[in-house]
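Input: structures, listed below.
Each of the next two complexes has chain A plus one more chain, namely chain B in the first and chain C in the second.
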Partner chain A sequence: MALPAFAIYSFLYLYPSISNLWNSTKRWDGVLPPEFIGARNFTYLATNDDLFLKVVGNNFRFAFVVVILQTTFSLLFATFLLNNTKTTIFLRVVYFFPTILSSVSVGLIWLFLYNPNYGLINATAKSIGIMKEPGINWLGDGRYALYAIAITQVWFHTGQMVVIYVAGLQQIPAELYEAAEVDGASRWQQFKSITWPMALPTTAVVVAYTTIQSFRAFDLVYAMTQGGPNNASDVLVTLIYNTAFASYKFGYASAQSVLLVVTVLLITWLQRRTLRVNYGDR
Partner chain B sequence: MKTKGLSTFASLRAGVVALVASALVITPLAVAHAADAPTFGKACTTEGVSTGQKTTSLICQTGANGKLTWQRVRLGGSYAAPVGSLTPPKGTIEFHHWRGEDKVVLQGIIDKFQAKYPGTFINQVIMTSGDYGNLALTKISANPKAAVFVTMRGGQFGNFYKAGMLKDLTSQRYTKQNFIQSALTPGTVDGRIYGLPYQSLFNNPIYNAELFTKNGWKVPTTWSQTLAFCKTAKAAGYIPFAWPGATRGNAGQILNSFMMNSAPYATVLKNATDIDTGKADLTIDWFTNIAKQYKQMADAGCFPANATGYTDTVAPADFAAGKAAIYPTGTFGMSSVTKLNPDMKGKMKIMGLITTDAKPYYEGITNNTFILSVNAKASASDQRIANAFISFLATAPIAQEYAVGTSQHVSVIDVDYSANIDLLNTSDIMGKKLLLAPRFLFLNQGVVRDKLEDALIAIVGGADITKTLADTSKIIKQGLGA
Partner chain C sequence: MLYKSTKNILLTAFAFIVLIPCSIVVLGTFKTDAEIYSTPLSLPKSWTLNNFRTLFDSGGLITPFKNSVIVSVSSVFITLILASMAAYAIARSITISGKILFFLFTLGLAIPGQVNIIPIYVLFVKLHLNNSLLGLVLVNIALTLPISIFILSSFFKDLSREMFEAASIDGAGHWRTFRSIALPLCRPAMGATGIFLFVICWNDLLYPLMLISELSKKTLPLILIDYRGEYFSSFSMLFTAIFVASIPMVVMYLFFQKSFIAGITAGAVKG
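Coming up: the complex of A and B.
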């Protein structure tokens, strides 16, 4: 029974992964025959590639912002949308709506919002007097571009996480809240002592998923800044894409993607360890 | 048209003014002074002036007697007349390209081809230019049905050639007789022609002539005048140059102008090649001076506010709305401007961005791109269809339909641009001394060109010149070594 599944898995996942690993040991421009160079791509990445290190740093900052904001907002919204009333169901649909949009459309919408001269954000901020001319150059200034995209990513995917949280929070027995109310616990105390601890398994899923999503980020970055200005918003996948398809260094790009996989594996492992610390081995 | 570069229009000693220009300038002159009408073999006075871009056109050149006389323009490989299209076998092939904005016009042409040759079908496969630049080779090399495709000048064409994807088109009659030979160099390797650049672009700033007249501005022809113009236009409330600094591809168009008069061409070629191969850093005087001029333009208020966040959707919109005086990309940008504001039809003209106060080496930029090729890995039958389709595109009426419909000048002989007022108004650039877009001398797009253009954009955004160039040089060298 398992054989067909294994065959499909091998064809779709195992073969490309092993092929990528093998390619990472080659110098290959995608045109001429590849040349085997052992671990040289990896040693060069580790010792000679400042851009790669910069982009790794970018990606960690991006993931940090997205994970914190997306987890916080989705938990917050989910607690308000827990009951199955017509209004909450409607709001869940509203929050989920961005998730079904294409990422390029989302990128274009936010490009307009962030436009420094005509965009809604700067125009609003200027009109209420909290921003001076010429306004903030959200995507054109290296200090802001990465964070501006991170906020877009949060807007794009929070609804998805709200749904996961709602499903998780609805598993918490209502009796616990009833008992807490009888004991005179405030809403905050109920959240701190019941909701948060009981929601931790869901939080672990949300954090793990959001982290992986952040390290796989490509489409929004590509649509909004293409990694600019001057690589300030480049993340690992945009760098890998450009290394392969703009610089025609397929072997080197394969090595970069191997390191991306290792990074994501390490983070996921660390998160699982943290989960065990909090829950024993439940 | 005097040009120099990887491709050269040097076979024409001076400018070949398009048929359009002749309609505007030469013909009225001839009507007014019939006795002075250009006549083959008769004396002429202005070297380089021609009566058009046709096989029947005349050009004023020094003859065998050492005197200026009207001689026949030889645009093709011979004086032979252009040929008609080849007859294809039945079948279906794909035509891969990146010009989504030309889809409708090209489909009209394809429909005509299919109607002329029943049983033969061409399907357009279009990607965005960014994706095409990155993915076309991978996709087309795995797809023999992609029998006809285009490449961009420089690195992409070179990679397709290295991959053995390009069929030799040198011996085709339409190659020799239908195309302006001097436009073919970007598709030529070791004397053999593997690609036919269909478009003749002029990557020079387009200006709003009506706005200039209304404000009494003169088109700047020196560097000092350019900076002074920026201050004047800005003070009057206009964006002097709607420069799309957020979009690397179009922001980089002005680099061509900065390079063309930065040094004699041999020096430009050497410096660009040295940077491209890692022999020189961006910190060399030549490139540092270019960076300083970008900064000077920024300081003079030439660029819009928040220029590094100013996209190439906002730039043509501002230009089309009359908020900006100059749209510094090229003739290829005119169609999007008129789509945004049809009233702009006939109001756009073209200028050279001159970055020196000394006598310029060149007056403008040209580029021959949208290089048509036949897939060497397609079946013989599909190659014949592809060949026939290119020959069809290379006939004057079809090329004219494409040119007029898309507002692009083309490299095909005997095309009449008079049906498109914007092509007509910008054709005068053909008579100037042009350089083949030198930005593409940086063949390593991802590692070198993108990085150095990003550095220039950052400098406009306020980054320190010395530090930015040093940091970018390091990244470039590391990238080249990987």
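Coming up: the complex of A and C.
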């Protein structure tokens, strides 16, 4: 009964993943027959390609900002929305809402908010006097573009992480909080000594998921800046896409893909290991 | 007291942060460009459907909408059938081959689907599956099978063994047990998984962008990207297109919030 699923899966998922490895050893423009060049794509990537290093740096910075902000906000809101009342359920539904939109729609909406002339962010900042004319060009300025997209990503997916955290925090026995209350522990002490340690397995899941999402990011970047200006907001998948379909370096793009897979596998492995070391294998 | 007021302020503030951009889009569909730029958050001076009329008169949105529906519905439907069959076989199997199969499918969870763009492109050009909705359906199925099998097989494993043994004593074969016992019991799990898959397929950009160049085969996210260039300074058009593209998801979300949240979250945690 597993046969039809396995046939499609191996033909259109496993086989392409393996042929990626093979393609990464070729010089290949997608038209002429590929030529075997061994590990030269990889040595070039590691030693000669400043753009690649810049994009790897971008992707790590993007992941870092998104992970820190998204995890902090979602843990904070989850502790606020822990009990199931009409209001908390309603707020969870509201917070979750952006998750169902497409990345392209979200990107275009934020294109408006970030617009330097009439966008909501600059217009508000100017009217309350914390920004001078002509205002910051969030997506057009290489210093801000990557972080502006990271903020959009946080807006997009915090609600989803809130729901994951709420499910995790609701597993914590209420007696712990009651006992702490009796002992006169403050809110902050309760959070520090009960919520945070007990929520660590959930935090590991949230952090790993968010990190991997950040290394898979494509749609939002493509919709908002297409990696610009001057590759300032390029991430790995947009770079791979452009290397293959704008510069027609199929072999070289395959080598970049292989490095992306290695990165993602490393993160997954680290997460599994952290969980196993601290909490046993469940 | 301080804790309570801080909490309420933060919760309300974030609700506004989520809702304001969405309201700008909804209100913007009834406004002119000048109105959107000068007063994005106020109610339109006169409620007109001009934006919708302009967009639909150009005929640009109807075909992509249809394409998105065809691709998403058939991808989800076929994936659910194939995944539930495979998940059932894996969950009920006691042999080593079941374990190997499960391992191979979970491999697909670890390897990001984005890295397969080049081999898939080369393969699909060879098979003439580029610029075809069938090609998109096949890609969607392959990309979502691992996660679907993962979710569904954990569900099948939780069903009690005795029930299946009773069925086989009564002379029911594998197929019969699957159809009459396993499938009806896992309807909620199938529903949640289906919604999760639908959101992925409806919103996907990368594979359509790479495989589809003919206008008549484009899906909604692709058309939105085209509009970004075409209507660059006309957010009334962009907002109206975003509104139309989001309607199916929003309506479904209003009716099935619980399954949406359960499905998307399960997919995220397990993936």
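Details
One rule holds for everything that comes next: the second predicted complex is superposed on the first by the 253 of 282 C-alpha atoms of A that agree within 3 Å, B and C clash if a C-alpha of one lies under 4 Å from a C-alpha of the other, contacts with A are read in each partner's own complex, and residues count from 1 in each chain.
Here, contacts are C-beta pairs under 8 Å (C-beta built on N, C-alpha and C of every residue); 3 or more make two chains touch, one makes a residue touch a chain.
Owing to the predicted nature of the structure, the values given are computational and were not obtained by experimental measurement.
Annotation for the three-chain superposition on chain A: chain B and chain C clash.
Once the two complexes are overlaid on the shared chain, A:F77 sits against chain C while remaining clear of chain B. Of the two partner chains, chain C is the only one that A:F6 touches; chain B does not reach it.
Applying the stated contact rule after C-alpha superposition, one finds that A:F97 touches chain C and leaves chain B untouched. Touch counts on chain A: comparing chain C and chain B, the chain ahead is C. Touch criterion met: A:G30 reaches chain B and chain C at once. In the superposed model, A:F245 makes contact with both chain B and chain C. Contacts of A:Y118 after superposition on the shared chain: both chain B and chain C are touched. Residues common to the contacts of chain A with chain B and with chain C across the two structures: 30, 111, 117-118, 241, 245. Here chain A touches chain B in the complex through residues 29-32, 41, 44-45, 48-51, 111, 114-118, 133-135, 137-142, 225-226, 228-231, 241-243, 245-249, 252, going by the rule given at the top. Only residues 3, 7, 10-11, 14-15, 17-22, 24-25, 36-38, 40-41, 82-83, 85-86, 88-90, 101, 104-105, 107-108, 110-123, 138-139, 141-143, 145-146, 149, 174-175, 178, 199, 202-203, 205-206, 209-210, 220-221, 224-225, 228, 235, 238-239, 242, 245-246, 249-250, 253, 257, 260-261, 264-265, 268-269, 271 of chain C touch chain A when the two sit together in their complex.
Of all residues in chain B, those touching chain A in their complex are 130, 133-135, 137-138, 159, 162-163, 245-246, 248, 304-311, 313-314, 444-447, 450, 454-455, 457-458, 461, 463, 468, 472, 474-475, 478-479, 481-482. Residues of chain A that touch chain C in their complex: 1-2, 4-6, 8-17, 19-20, 23, 30, 73, 76-77, 80-81, 91-105, 108-113, 117-118, 120, 123, 155, 158-160, 163-164, 167, 187, 205, 209, 212, 215-216, 218-219, 222-223, 237, 240-241, 244-245, 250, 253-254, 257-258, 260-261, 264-265, 268.
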